[in-house]
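Next up, some structures in structure tokens.
Next come two complexes built around subunit A: one with subunit B, the other with subunit C.
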Partner chain A sequence: MIDLQGFGPQLLEGVLMTLRLAAVSLFLGIIIGLAAAIAKMSSIRWLARGVDILTNLLRGLPELLTILILYYGVQNLFNAIFEDFVEVDGFTAGVAALSLVFGSYASETFRGAFLAIPIGQIEAAKSFGMSPFTVFRRIQLPQMWRYALPGLGNLWLVLIKDTSLVSVVGLQELMRKTQIATSVTKSPFTFYSVAALIFIAITVVSTLFLRWIEKKSRRGVRMG
Partner chain B sequence: MDLISSLLELAQDYWPQFLRGLWTTVQLTVLSCLLGFCLAIPLALARLSKNWLISGPALVYSVCFRGSPLLVQVFLIYYGLPSVLLQFYGGDVPAMRESFFWPLLNAPFMLALIAFTLNTGAYMAEPIRGGIQSVPNGEREAALACGMSPRLLTRRVLLPRGLRIAIPALSNETILTMKATTLVSLVTMLDLMGAAGRAFTQTYDSKVYLVLVPFYLVLIWAIARIFALLEKRYNRYLVRKTV
Partner chain C sequence: MKKIVLALATLGIALTSGAYAQNAKTLRLGTEGAYPPFNFTDKNGKLQGFDIEIGDALCAEMKRKCDWVTQDWDGIIPALKAKKFDAIIASMSINEKRKKEVDFSDRYYFTPGMMVARKGSGYKQSDLKGKAVGVQLETTHSQFMEARYKDVNLKQYKTQEEANLDLANGRLDLVMADSAVIDDWIKANGGSAKFERVGDFVRDPILGNGAGIAVRKGDKDLVAAFNKALTAIKANGTYTKINNKYFDFDIR
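This part shows the complex of A and B:
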């Protein structure tokens, strides 16, 4: 077995923090993505255009840069608003950056998924006298997930790996804990290999789960 | 307005540093993508092999490099590789300095290049594999009917057609690799991000990071343009003229 030199519990704590960061970012990211997708499809021109530019910007910038800009930017903003020193911790900055990036990518996935719903169903719902909001709530929203799931799955795998970048602003997640362990034990190869294996385990389990849930979402649907 | 003028001032003060960083970023992106592409072709072919002794290791490679964060891989190679080699030489530093590996270990750029090449090779192999798989079966059968051996079939039909199909996806991978080069700033290299980091430690003005935004947007635009030209050149037979 690999000798962790007593850093096992520390690494476990790091894993839990990584998972917590990823889960919160996923939840907020999906909400941001949905809102952005709806905004992009809205008939209000300036809103659609503005959100489009913003999501393209966030998709274009390196994630590391986004994290640093938000970490310092939010800090400065809070200091300016409250005219006092407010500490923004790594977790808040990490969640803000990761969920915004996730939401920007997801908005395109959601938009595609909404467009994939056959137009005939929407026309049928309208002809039943449903209001646009009811059509959205009863027809579009529930069916959209099936089309969005493969894309969201890929984004989740990217998100898991991007959590390691938040170590830069000092959040005690798996990557940061590994760095601390290597600086004490002076065996970087062992510890970075262990971190890599933990990440691989998380992504493999996620992939298997996604495959299962995609199959489940397709039950009762004839594909192809 | 206040913000823009202070950004311009920062850019003015540190532009030589930023330009040198930009050059490092461009070099690293171009070299790792070219080398990664060369690595991706045999990987994709190996993944498609019917012999599991060949496809199995390629699958493991793909899962390992696509399943763990690039940051971990960069640290593993940057800090881990030298320490393993040092152990191999029994902790004898002078002996390691004499060795064949020393020029490699002595240059952070080379270590970063190794990490990025291995990573982007794994990612690029996927669209290439998909491209080869989506070559129409009729073309494959026609080539076999002409009496081509499997090797000739791969060289003359599957690869040229598959790679052309993969061009748009490869452009995405190149953009992702370019974005990922920011990570080398964390292993003491002065790329664009590293240059901004150094300017930040000199000024304590976090706005330096905002100066980078246009740099990266221009880089992405350039990559997209280059691939659009490649597509126009190599996929010109696919262009459908709309009347």
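This part shows the complex of A and C:
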């Protein structure tokens, strides 16, 4: 690592925090997105409508606002409920906000991907006597990924950049570390440029990985 | 349906896993960590600066264990109210507007405000109409400019550093800030060959009467403890030692 007036290791810590934040949010976000997509397509009306309203709400709010609501709002709520101080830390609030937002967007990606599976396959599976769960597990889930991957890749790149918003709740991720280094060394452009290069590097590596995994997901399949 | 329940349970765990009860005995001090020379984070990730050393000295005097928490400046009072920490030691100026939000200790230092422009600007404090003036958001300097100079083009920045940057690159005509902070920046950026003070140091009720330690409203015991410790470190020479380490003038 280049020394960067001594702030190299600090920036590296920031990068690790950014990646941790993004990775955990991706994992939880995919679970939330998948669950929300299934809920939206369910025949239980109130569930489908409820989840639809929730995801639209989360997609409508600026991410920054969601983070602030979860960090300050939920903290005040906890203070009102619990007698002892129970802290909602910056990482938890950040992950919760980012994964909820990611999940809301991903739910539409997943829904589209499920709908892209030819209905004939599902009918065929049913006529073999498969239960709805077996149809889901064997036919829908494995094929859905193929359609969802490009959209998810896009969301991942957006997510990485959204992590910088979490600095408002005091989390020491890459952007906050950059600002601290800037204020002490008084050489902003060195650090802004380094931060930009790091974000681009993460994006390039992600894109290459996505291309590889997309190719892998299409083995033996011809897609239009 | 099972999957949905599972997902909701996972979310629930995620929301609460980072939540844990705090030890009530430890005093938690909030600071910005990006406002040199008063409080900043060095290359080892350690907090440094005048505020930090004063805070540590006060804790030692009070014989209490203290933990520092860093927090962006514009969210520092909400974080205090949400009990993220118990006191703010972050060069927060005491003024009437803030007294509605928080309680303050006695002041632990005072530095006047200062307007800075690029060398040779020839600006006067009495005539700043239409000038682009930069301040840090949520500071007394920002409140001062809003109240006293309604005809300037005021630009508010999240950090002091961003305002300074726009002064250097010409987007701003002036910066209004704390004299000690802006002086520190000028010295690192070409000194008096490039920048000059506009008029005298600025003293005004809005700028307050120096920096104090902020606590949640009604936290009287804590204010009393801080005040007692402050008097003690001023009397035993600890304060002077810290003062002289950072400044070649007395900011008491």
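Criterion: the second predicted complex is superposed on the first by the 221 of 224 C-alpha atoms of A that agree within 3 Å, B and C clash if a C-alpha of one lies under 4 Å from a C-alpha of the other, contacts with A are read in each partner's own complex, and residues count from 1 in each chain.
One rule holds in what follows: a residue touches a chain if its C-beta (ideal position, glycine included) is under 8 Å from a C-beta of that chain, and two chains touch if they have at least 3 such contacts.
Everything numeric in this text was worked out from a predicted model, so none of it was measured.
Upon superposition of the two complexes on subunit A, a steric clash is found between subunit B and subunit C.
Of the two partner chains, subunit B is the only one that A:P62 touches; subunit C does not reach it.
When both complexes are overlaid on chain A, the residue A:I139 reaches neither subunit B nor subunit C. Residue by residue along subunit A, subunit B and subunit C are tallied for touches, and C comes out ahead. In the superposed model, A:V168 lies in contact with both subunit B and subunit C. Of the two partner chains placed by the overlay, neither subunit B nor subunit C lies in contact with A:L26. In the superposition on chain A, no contact is made by A:A106 with either subunit B or subunit C. In the superposition on chain A, contact of A:A35 is made with subunit C only, not with subunit B.
Within the superposed three-chain model, A:A96 lies in touch with subunit C and out of touch with subunit B [touch as defined at top]. Of the two partner chains, neither subunit B nor subunit C is touched by A:M17. Residue contacts after overlaying the shared chain place A:F7 against subunit C, while subunit B stays out of touching range.
Here subunit B runs into subunit C after the superposition, and of 91-99, 109-117 or 145-153 the stretch doing so is 91-99.
Residues 68, 72, 75-76, 167-168, 179, 182, 186, 188 of subunit A contact both subunit B in one complex and subunit C in the other. Within the complex formed with subunit B, the residues of subunit A that make contact are 57, 60-65, 68-69, 72-73, 75-76, 161-165, 167-168, 175, 178-179, 182, 186-189, 192-193, 195-197, 199-200, 203-204. Interface of subunit B with subunit A (complex): residues 63-64, 66-73, 75-76, 79-81, 83-84, 179-183, 185-186, 193, 206, 209-210, 212-213, 216-217, 220. By the touch rule above, subunit C contacts subunit A in their complex via residues 1, 3-4, 6-8, 10-11, 14-22, 24, 33-36, 40-45, 69-72, 74-75, 78-79, 81-84, 159-161, 165, 185, 188-189. Residue ranges on subunit A touching subunit C, taken from their complex, read 5-7, 9-10, 13, 28, 31-32, 34-35, 38-39, 42, 47, 68, 72, 74-76, 78-79, 84-89, 91-93, 95-96, 99-100, 167-170, 172, 176, 179-184, 186, 188.
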